[in-house]
Structures are given as structure tokens and as C-alpha cells.
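First the structure, then my questions, so here it is.
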């Protein structure tokens, strides 16, 4: 299992880096899909099957397709992006290191008490249970999420509509 | 009954003031004048009643109205006290006041604002009565400031002339300097005694109330500064000669007979306190003596008839202060009374002259009036003899007493006082000769109009001249009615001088001195027939004297000008700097904004970088540093 | 399948998601192509999601996973609107280079 | 009927004045301000009978805010000052034709509302809200209806607004600090707060900044003269007659009892500043050529003396200051009105262009003269009573303080008489000067009646304020036994 975790983690981080470093946005998108798949693999290792499915559908399926579509639409499928000035890139790298350092240091310094993990055997992540929790305890946020999606749909349509006011 | 009568005494002039202010114009000239005179006459009658009563019973009349001020340490009531001293004062305030009101009916007859003149005069009498009648220092202070106000209003009565207004303003402000001293003195006394009532202070002193002598001395000195302001002593005397800008009756009433003696009244009133501070008395004596000499020396060369009289007033007041400083309060009071008679008479006489000459005040343009203005001349002569200190006129007795007391205390003061007296005799006779003798030196037209004044003017002159003649009788050496009368209000019994050889010798010296003064004047102005030269030709010492030792100029240079200079400095430097500083803060904010907005360069990447760094530092601070 | 946390440990997941998050930050700062920056943001979101799931398992509580659902819903909405905005920007500026968008300059 | 009724009348009056329209506005304003005065008198009458007239209501639990209006001798005196001066100020504006007059009169009433609220509030936060609220109407009054060049005016008014507002913010900080210390904004709770010496110093300083700017005490006065000159007469009267007193009242009500130790520690420094203001204002008044500016600087001098009296922390000083506040309120309103009367006829504020008025207008001259005399504290006027007590309290602290403060007697007479001479006296002015109209005369007569009556019989006010001042003194003296 540990080996599997390391392999998956390596894929996750590697593809994430590649996403960022590839010149061509199409390649970035492809790498990101891979990254998402590896994260889905993590979910599977947690035995969170429903989440696994949803993740693949929403991210790899919906979001990434949307992104690819946009990239195609904008004709960005070539590596014509100019690099940032060297100073910015160095600054980006430095702040990357800094954030990582601080977050890790914070975590290490705060010395969390890691209890031995116990399996209670209780079912908490089957679809049935999740459904119950979602529709009992989180009923209102759930409805709001639906409203949010609706609104964002309308917003997206309105935003991307060609405006004819100026003409 | 007593209370009502006392209130009548107090408020009759005030009623006269109110009626004259509101209805004076409708009443017409004569009516308003008569009303004003009547109001004061009523007061005089009431005073006479009380005077006789108190002389018999020797019990002062007290009137307590209501509480006025209440402070943590003491309360101040509206209360009045009619005792020997205040009644004596009231007698000549209301008495001479009546005469001068009468005089003014005729004198001011042609003035368009005659009703106002009488209103102010009445108001003045009201405040003077308040000053004298009050039973505590604050009531006196009301009167004190009130008479100052009336003096201001009356000096500036002809308000269209800004020079007169300047003189009025100067009088008020110089008085206010003294008033500040007075006020501080009241504060200290109130703090020391927990009261400002005269009687209570006296009682406390006799009961052995612990009093800090140093503070008492300071208080007395402050009060004396107040007296200096009101009674025109060095260094606050310069307003009085300028105050002659007012109509002549005003000069007679306020600036000779009554208001300027308020300082002497106050010191006499508080004699039981001044007795405790001999050092302050010493200062008073010296200031008085020096004032009398300085003022007399200036008087020697003045050419304005009223200015001469003004300086003579300052000089005589100086003599009174000399007496006060020597602890001889009765004698000072005596001189106040005789002075009130003869000086009022002199001023009114000069007013009569000015009236006859239609406003001419320069003696160089007078002369020979003896023949046309007989009554004026005779009364003037009597008063002049009185002020010069020739027996048996009243001035002789009072002045001689002062000099005699001075001789017994301090020979230097006596010499100064005697010199001042000789000068007085000289300049008064100079005035007399220049005005009434020889030939008329004015224009033909003036000569044509020369006339004796109407009886409303001459009657007061006659009365005053008689009083100036016989007034000395109230305190003859050896058998003084005045001393006896005033004994209850004095803390120390009056000094009795044996009429020995020394005394007779002193009298002799005084008389001879006066005669010398008169002789010089006679030699100069009758024998040689000199007339003082025009202003431009005055030179040397005379010039210094003529310009009053340049004191006004010095005051302007060292006090008034610096104040204006500081004002300019404040206005042009400090105000600008302060205001600039405040605006500077605003400008700094603008500048900061303008500079700061360049950080907002619009580059999202840069924003993000800063954002990340900010989050880093916050996290680092919270989790790592703390 | 035994439980994964007994073998891997929660701290490893914390390190992983931290690093993933940092990679996301790096991406945002490094690139000037708006779409790639967008992807970086998605990476950060996923890093957080992963941690939520890990703790959900750790506490044996469904709430963590529910949050992940919500965050996915929000992410979906965000991407929809965000891409719409990018399209609009592209139309107006003929490009989505973030360095060319300087309208916020003060 | 309790004190909140006065506030309601004023607020309602402001609204009603706005809605009745331009023509009726001034009448409505007069009626409502007079009604507020009547209400105040009635409340005082009830208070003297010992009935309950305070109004306290817990408005908000967390944070604890009381909507409370405390009626006591001190606050009622100041309320009476406000509601008595408001009708006078409204009446004094009758002679002017203002554009949009309904807004003008509504703002005056609104300002009175805010100031009365400031005087009555017991809760620090509500007090602060009223304090700032009073700034808004005067800002618009000065900006819209003021005199002179619009740009200059705007500059002066905005400076005033920002300056006083910035000062007040320090007070807000102090209040917030006190709240987290005591858990309440109520003044009685704040009085009992146990503060260390350092805390007291800071809070004292914060309050001082707010009040020193509003009063103003030098060197925080630079807004004053310009705003007084530029604002319309009614605005100047509101500012100098009442608004200044808000600061002085607040010193007694808030600053001193909350930080008694610091007050005792720094009182000589503060008194020194105040007295420096006395001389500074007086000397500057001598150099002014603009009538309203001259009066502004004279006001600076007088207010400095009042503040010095307050900071002596003695009963005499506090009481004298309160009396002087009332007296100065009336006098300064009268003087600025006199300036306005001249301005209406000559259309100028330059003293050099005046003179020779006395010949043409005996009535106006007499009234102006009495006002001038009251301003220089002639005995028999109300101002003398206050000034005497203040100077006496200063003399008790240190005799030299009284001497320095007393120079106002001399310098005050100097600049006021000089002003009077150049404005009123001299040869007849070529320009025609009509004597006072009936309304103008009424304003003067009311003011003079108040000044002279209380000058001779100040006992009603003295007795009314003394018990409350004694209470405040207990709090002030709680640290020094």
C-alpha cells in the first residue's frame, strides 16, 4: 500500500509540475487530467468510491473538457506564450519554496498529536450514508449549491454572449 | 424705612438715568436737565438725613439686600453700609454733584445730546454712590468699574472726534490695569479672610484671625495699584490730563472732585488693613510725594487752561496719597474735601471762561477777563488762593496738616511736598494772571462776544467758592471736628500735633513758600507782562516739561508698540506656521497617496506575488514567531 | 482492504497536499497564461479536497466528504464563470496574457 | 414628559421645517425651537420638583449600549443654553433672505437636536454619535450659505470638518478602550474604571485632543477664525455660542472624572496652554481688521480662560466655567449678531470701512455698547460673575495664573473698545445706516435681559449646577485624599 501511495504521489506531483511547466496549454491540460486521475486513485485508496466517481466525472470529465474546449476556441494550442521576465520567475520559485517551507515548518512545529488510527467498523462513506448526511444535515447548503450552479450557468451564458451594444 | 430711604438714595440717580435714556429726547432739553439735577438732589437730601442721624447716634446704617455671589470660601451679598466715612463722601459727592448738574443745564444747553449727557452724569452718580455705599469690596468694585465706564462715556461724549475717543479709551484701559490689581487684591483678601465685608474683616482681625503678613502685604500693594489707576498716581496718571477732552462739568465732577478720590476712599476704608503693612504705606507715601512733584512741575508750563488744572489735580492727589502713606487718613480725607470744593470751583470757573470764549482753551489767547466776568473772577481768585495754601482759605489747613505730618515722619518727603506746594502756588497764579489780567489777546470777534455767564453757572461757582473759603473750619488744628467724627471708622486714633514752635514755624514756611510762588508769577506775568511762547519756540527744560517728560511717548514705545509688534509676529509668523502645519498634514496625506498609488501598477502577477508573501508573513508570524 | 491510514499515516497526506498546494501557488505566480493559472488554481483546490478526504477517513466522519462535494460544486461553477470571463477577455484583448491586463493600474 | 421629549421636538421640528416649504420654514423653525425651549423649562420645573425626568433604556445587550439621557443640573443648564439660543439664532436670521431656506432652518434645528443630545447622553457611544452628528449640519450651513469666495470658504470649512473630526476619532479610540476595560459605555461605569497611571495619561490625552480642537485651545485653533468669518451669521453663532460649549461641557462630564489622576498631574500644563491662548487670542484680536475675525479671536481668549477654570479642578473653577459658558454663549451670539447687523447694511466685514454709525443709530449703538461691556466683563453683567469665579479659582491655584488670566481684563478692554471706536464712533458715515428693526431689536433685548438679570442675580443658575458639580468633583478627587 505504501508503495502504491508513493507511486501515486509521485505521479500527482510530477504531472502537476508538468502542467505548469509545459509551454503548450493543450499539454498542460492533458497533464492536469492525469493529475486528477492520480488524485482519484488516492480517493480510491481511501475507499471513497462515490467521491472517486464524482471526481472523475466532474473534474476529468466536465471541467477539463471545458478547459480544452476553451483552449481550442482561443486557438492557444501552440507554445507561443512569452516567458515572464526572469526576475518574476525567480520570485515565483522563491515564494514557492518559501510557502512550502512555512507550511511544512508550521505543521512540524505545531507537533500534532497523531493518534493511532482505529477502525471502528462503522459505515460512514457508503453512498447511502453520504446521501443521508447530505440531505439531512446539509440540506440547505445542498440546495444552495444547486442555486449556485444555476446562477453560474446563467452567468457564463451571459458573459460569453457576444455584445451588440457597441455596434 | 431706613432701608427704603437708603435705596432711594442709591436708586434716585439710576431712575434719572433710565428716564433720561428712554424718554430724554421727548422730554426736551430743560426737562431732562432738571430731572437729572432733581434725581441727584433727592440723593443729597437722603444723604443729609442719614448724615445728621449718624452724627447723632454714631450707629451706622446697614442694608442687606440679597446674596449675589457664592464661592467656596466666601459669599458676597448686595449689602450697603452707611457709616461716617461713606456718608461724608456721599455728602460731597451728591452735594457737588447737584451743583454741577445745575451748572450743566446751562453749560450743555446747546448740545444736541444733552439728555444723554445727563443720563451719563446720573449714571455716574449712581455708580459713585454704589462705590461709596457698598459694604464689601466687590460692591465697591461694581461702583469702581461703573464710574470708570461713565468716565469713558463722558470723556468720549463728543464721539465724532476720534482724538477724544482715544482719550476715553486710554482712560478706561489704564483704569483697567488698576482694576486688575484691585481684583487680585480682592482675591487674596477673600482667600485670607474668607470674607470681603469690611466689618467682618475688622472683627476677624480683632478676634485674632491668623493672617499671613506677606500675603496681606501683596494684597495691599495690589489694591494700591488699583488706587493708582483710579486716582491717577505714577505710573498710571497719564490718562487724567487726556481726560480733559470731556465737557468741563465732567472734568469738575469726575476728574477732580469725586471719582479720582475713589482710591483715597478705598485706602481709608481699609485703613485697618493698611496699618498692618507699614512697608506698603511707605511705598504709598513715596509714590504720592513723587507724583505731586512731577505733576506740579509739568503743570508749570502747560498752556491749556484745563490741562493745568488736570496736572494740579494729579499733584494734589499725590499729596493726599502722601498723607495716606504717613498713616494720616483723616488728613487725607480733609484734603479730599477741601480739594473737592476748590478744584470743582476752579474747573467750573474755567468752564465758565471757555463758555464765554466759545471753546477756546489756550491761555495764550485769553487775558483781561477780570473786567467782564466779575463773579467768575472772584470765585476763581478765592479758589486759587485756597489751592495755593494761603490762610485762612481751606486749602491752607489741609495742606499744612499734610506737610506737618510729613515733617514729623520724614524730612525728605516734607521737602518734596513743600516744593510741590510752591510750584502749585506759582502755576495757579500764572493761570490766574494769564486768564484774567492784562488785555484780551483773542480775536476781535471773541472779544465782541465776551460776557458773564448766566446765573445757573455762577450760582454753583459762588457756593463752591464760599465752601472753599470756609471749608477749612471742619478741621482746625487743635480742635478738629473731622477727626472726632471719623474716629469710629479709624483703626488708630488720629495723631495730635501740639501747636508748638515747630508747627508755627512750619506754617510760616508754607505761607512764605506760597507767597514766593505767587511773587514769581507776579513778577513774570504782571510786571514783565510775559506771555508763554508758541509751541515751536519752547526749548530746553521747558520743552521737556511741556511734553510731560515724554511719558506718553515712552509708554507707547515700551508697552503699546511691543504689543502690536507681538501681535504682528503672532499674526504673520505663528498663525501662518500653525496653519501651515495643519495644512502640511493634509498635503502629506495627498503626497503619500500620490506616491502610494504607483504601487498599484496593475500587474496581476505582482499583486499575486505580494499577496502570497503577505500570507507567508502572516502565517509565519502567527505560527512560527509567536 | 485494510484501512490505508494504518499503513500510510495521516502526516504523509498532509505533506502531499501541502506540496500540491505549493505547486499550485507556483503555477499561479510562474505563468502568464490565464488558462494555465486557472489550472493551477484547480490544483490547489484539489490539494485541499484531498486533505479533507484524508481527515474524513481519519475521523471516520462523512462531513469531510460532504464538504468535498460542495467544493466540487463550487469549483464547477467557478470554472464555468471563470472561463466565460476569460472568453470575454480574449475577445476584447485578443489574448489572455495576464501581464497585458493592466486596467487596475492606480 | 422626560428629557427625550426635547430631542423629539427638535428632530420632528427639523423634519417639519423641511416639509413646510421655503416660505413657512422660518416661522416653523421659530415655533419648534420655542417649543423646545418651553419643553426644557417644563422639564427643569419637573426636575426641581424632584420628579424623574431622565430617560434610560438598554438599547443593545452586546455591545452594551444604553439609549440614556440623564437630566441633572449641569446637563439641563447646557440644554437650556442650547434651546434658549436656538430661537434667538433663528430669529436673528429673519433679516436674511436665504436660498433654499427650508434646508437652512431645518439644519439649524437638526444641529440643536444633535447638541442637546450631546449634552444629555450618558452612554459614551451615543454621546459620540451625537457629537459627530452635530458636525454635519454646521458643515453644510457654512459651506452653502457662507460669505465670501466659494473656493476659499470650501477650503476653510473642509479644514474645520476634517480637523475636528480627526480629533474626535481619538476620543472614539479612548471610548473603545474603556469599553473593553469596563464592559460598558455608561459614564457612571466609566468613572469607576480602575485605570493605571499610564492608561489615564493616554486616555486623558485622547480626550484632550478632541476637546482642545473643538474648544479650541491653542495651538489647535487654526480652523476657528476662518470658519467664523466665512460661515453665515447663524452658523457662527451656533459654532461659537453652543458648539464650543459642547467641548467644555464634555471636559467636565467625561474627561476629568474618567481620568482624575492624569488631570491632576497635567493640569498646570493644560492651564498654561489655556492661558497662553488668552493672551495669544487677545493680542491677535488687536491686529484684526475683519470684525468677525476679531470676535473670533476674542472668543478664543475667553474660551481659553473658561477652560483654564475647568482645569483648576476646584468647585469655584468649575462653577465659574459653567456660568461663563452660559454668559459667553449669549454675549458671543449677541456680538456676532451685531456684526451681522452691520454686514446687512454695509455689506462688509472690514473695520476700516465702518465708523460713524453711532450718529445714525442710537439704539443699535447702546445695545452694541452694552454687549461690548458685557464681553469685557463689567461688573453687573453675567460675564463678570463667571470671570470672577474663574479668576478666583486660578488665584487659589497660583496667584500668577490669575495675573496672567487677568490680562484679559486689560487686553479685552483694549481690543473691544478699539473695535467699538473704529466701528461705531467718529464722523457720520457716508453710507446710510438704518437703526435696528423690530426683530433685530428683539434679539438684542432678549440677550441683554438675560445678561443683566443673571449678572445681578446669578443665584438660580449657581444653585442649579452646584450639586451636580460637587458630584463630579467627588469623582475627580477620588485619587487624591
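Letters A, B, C and D mark the chains in the order given here, with residues in each chain numbered from 1 onward.
By our rule, contacts are C-beta pairs under 8 Å (C-beta built on N, C-alpha and C of every residue); 3 or more make two chains touch, one makes a residue touch a chain.
Here the structure is a predicted model, which is why all the values come from computation and not from measurement.
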Exercise. Can you name the chains that touch chain A as well as chain D?
Worked result: B
For this session: Determine which of the two chain pairs, B-D or A-B, is joined by the larger number of C-beta pairs in contact.
Result: B-D
Seminar exercise, completed: dist(centroid_CA(chain B), centroid_CA(chain D)) in Å evaluates to 37
Problem set entry | Between chain B and chain A, distance of the C-alpha-averaged centres to the nearest whole Å | 100
Exercise. Where the CA atoms of chain C average out and where those of chain D average out, how many Å apart are those spots?
Worked result: 62
Exercise. At what distance in angstrom does the C-alpha mean of chain C lie from that of chain A?
Worked result: 4
Problem set entry | Sites on chain A at which at least two other chains make contact | 84, 88, 91-92, 95, 99, 103
Exercise. Residues of chain B touching 2+ other chains?
Worked result: 605, 609, 612
Problem set entry | chain D: positions in contact with at least two other chains | none
Exercise. So that we know how the chains sit together, what is the shape of their touch graph: line, ring, star, complete or other?
Worked result: other
Exercise. Chain pairs in touch?
Worked result: A-B, A-C, B-C, B-D
Exercise. If you look only at chain B, which of its residues touch chain C in the complex?
Worked result: 597-605, 607-609, 612
Problem set entry | Complex contact set, residues of chain B against chain D | 21, 66-73, 78, 138, 141-142, 145-146, 149, 152, 156, 159-160, 162, 165-166, 169, 172-173, 176-177, 179-180, 183-184, 187-188, 190-191, 218, 563-564, 566-568, 570-571, 574-575, 578-579, 582-583, 586
Problem set entry | Residues of chain A touching chain B in the complex | 84, 88, 91-92, 95, 98-99, 102-103, 105-106, 109-110
Seminar exercise, completed: Per the touch rule, the chain C residues reaching chain A in their complex are 1-12, 14-16, 18-27, 29-33, 35-36, 38-40, 42-43, 46, 49-50, 53-54, 56-58, 60-63, 65-66, 68-70, 72-81, 83-88, 90-91, 96-97, 99
Exercise. In the complex formed with chain B, which residues of chain C make contact?
Worked result: 25, 28-29, 32, 98-99, 101-106
